[in-house]
């Protein structure tokens, strides 16, 4: 096995001018949630797995007791309508652990993408605000000036100097290394408190992506998950408040 | 020396369709204890040592004052009866320190295993519960759905979503990377508090392994060690309790 | 992409016996501030970018919404007068993260420098004192005994056993590895408290460098920045003092 | 530059059946102190420097203002009497920072040693006790059973299970990796509290080494340093005691 290895499952698909949509684990798991939701709802087909010596030395256990080496996975979905395009989707268990591991992984992903003719990418992630937010906006950054204008039309927001620290991880690196290869790309960052997984932010990102790709999927599953998370967040808050109030209450008892 | 190097001791043994049993250091040292007990009690013969640049830069000192570079060791034991199979056993001082080191080490182990015709592996480890347990069960995870059923017959347990974090380290990676090579494997995880080395858990794992391999060894030595550990655990607990109680006692003195 | 990769922008410049001036991020950001100020004020032209797998996996976002992979950048400026020399300037977002990454990066920088005929280098950095300083001196260390004398004439200071820990990072390594290649070099270290970015120290370093290179630029922009930083430092101090005094004040209230 | 690079200074010396004596930084700096003392007192000649990408990216500054890349250094001293042997001495600024770096460094050292015909090594270090000790003993561990007996005759001590953790670092690894190449070696470990550099322990180690090599040097310089360190240790203790006693004293004042 190489440092990063691609293993194809069955025949390589034949794709026409596909776009790549990436959503790996990250803040609020926004990107991963969004891409997984898409995969489940457009009947995308897994066609390749990526292994890396920079992933943790770990297997996960499936519900039937079989093990699965940690990996990243490629899916595809061919266009069904004239206004759609073929899509490659990327998600996975982990990003690389080290700087070098991240670069090697992203280079291998771009190699595969180029092999299938990808010229345009959408990378999805979260933008951690550190506070709650009623209606998460979706920030964007792109490889090309013109793309910023286009994405604004679709509802994405561009704020000068945000995120101030740039984009760290695969979502940024795919654009950065892709740009060096002459590929175009846009990173969508859903605003998120960043404390818990955030299906609401994933939904906001998907809404824009659906307009761009003309692929429509029901978002009700994400809405349901968002309510569950909201419930958990509410409970956590109550517990915190209670534990802070206790000393006060005890005074009155005393 | 390569990143990972195998050094054979004497002639390479000729083995027929051997199984590989692995037990390296880990939680409760369950796997290492089990494999070392097996090696000692079936007169297994050491035939190879593995060195890695990802092991600590360290030598151990033997009781005669000579040094030994930290390593992993391969032993073999040929079948003595018709219902037995040739066995390769693997134990050692350390697992790899880094992710990459673990992957390189396990790949080298699998190379050696394949060279000797291994198609089936048993990897042994502990499953840390964080609390004491009267009768440790042995959980299993496998490369193949069918194997789960087989292992249940031998007394292993499969619990959905346990261990939740999957299997980290060589025991998991051997199965994960082995599966990619078409090898079959089962990981047995003896339940253990995980605070101290756990011969009781190692015994539970060996009981199942003995049924599978038709190799029977006395477990009395492990039982003796288990009692010693129990005694130590008891003493540690008492010391802890005493140190907690002292302030109380002092009140009465005051 | 190699571990460290140089990407030229447009045609390679033809330079005659150029000197290299390096200023990468470091304590007080003294070196980076100085070289960036020089680049802006002598109309230096960017001709190459350096990428490294040991830089963070990150892109920065430009003010127009486009992304830029983190990198180091080479600029050049051809001599305008008889008493000047061609100059290559190096600055960037990061130094290497790991030891090996630093060595690989600096080796690649030296490869490029040698290709353009560089035989003499000036590396700029800060010397952290941990306390405030009215008039920062500029310490120096060199590859050759004779150079120490020369630099003293230009106003640099050499104090025995300072900095006691030597020079850590690219500024030191360029000299150390360059010396092995027969290159000459001087490191200028502007004294700095080291708490904040320090344009005053950068100014002190540039003053000496201007004498050596016969290149004169206005330092007013750095002076302006220095006053801003002084203001911020003053405010931070006040806040600290206030927060320490509060308990005292409260006593009087009570 | 390779990961580890040897740079010869002048002509390679011609040595006859030399022994290698290593003393790199470590606990109490015992090994480094001993070898540096030897180098200074037998007029050993530097003939090679070793650089490694796993050393810190750092230069030290000489007293004349010139820089020196961090390295390890080889010295030699030819036999002056019939009962002496040619000697190669190794000391340096650092050991490797990472596991892999240590292995690569030691392999390169052994390559050089073998090139000069070294078949026997002495590696020097400290054995940290964590408490003060009146008369430090010198423990030993060897590649060969027979050598233990020999070294006992020279005054070295062998205690079963000490050091319990084996030998970590270059002193151990030289023996461990050397043994795999068929080289013989002994590690001498001077007992040391381990808090400060320990010339007294270095002296104890040298006393034995002098008997073995029939090379006699004055140890008065080490004795002088030992007294200085003793003085510092005493002062540190007093300061500690005072700071502990103060609350007691204050009671009396109150």
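Labels A, B, C and D are assigned to the chains in the order they are written; within every chain, residues are numbered from 1.
In this text, a contact is a pair of C-beta atoms (placed from the backbone, for glycine too) under 8 Å apart; a residue touches a chain by one contact, two chains touch by 3 or more.
Just so you know, these numbers come straight off a predicted model, no measurement behind them.
Separation of subunit A from subunit D in touch steps, taking the shortest path, is 2. Most remote chain with respect to subunit B, judged by CA-atom centres, is C.
Remark: rotation between subunit A and subunit C after Cα superposition is 90° (nearest 5). Shared numbers divided by all numbers used gives the overlap of an interface; between subunit C and subunit D this overlap falls below half, so the copies present different residues.
Mean C-alpha position of subunit B lies 37 Å from that of subunit D. If each chain is reduced to the centroid of its CA atoms, subunit B and subunit C end up 53 Å from each other.
Shared interface positions of subunit B, i.e. residues touching 2 or more other chains, are not present.
Annotation, chain-chain contacts: A-B, A-C, B-D, C-D (touch as defined at the top). Put simply, subunit D touches subunit C in their complex at residues 1, 3, 7, 51, 53-61, 63-70, 97-98, 101. Interface residues of subunit D, counted against subunit B in their complex, comprise 96, 99-100, 102-104, 106-107, 140-145, 148, 158, 160-163, 165-170, 172-173, 175-177, 179-180, 187.
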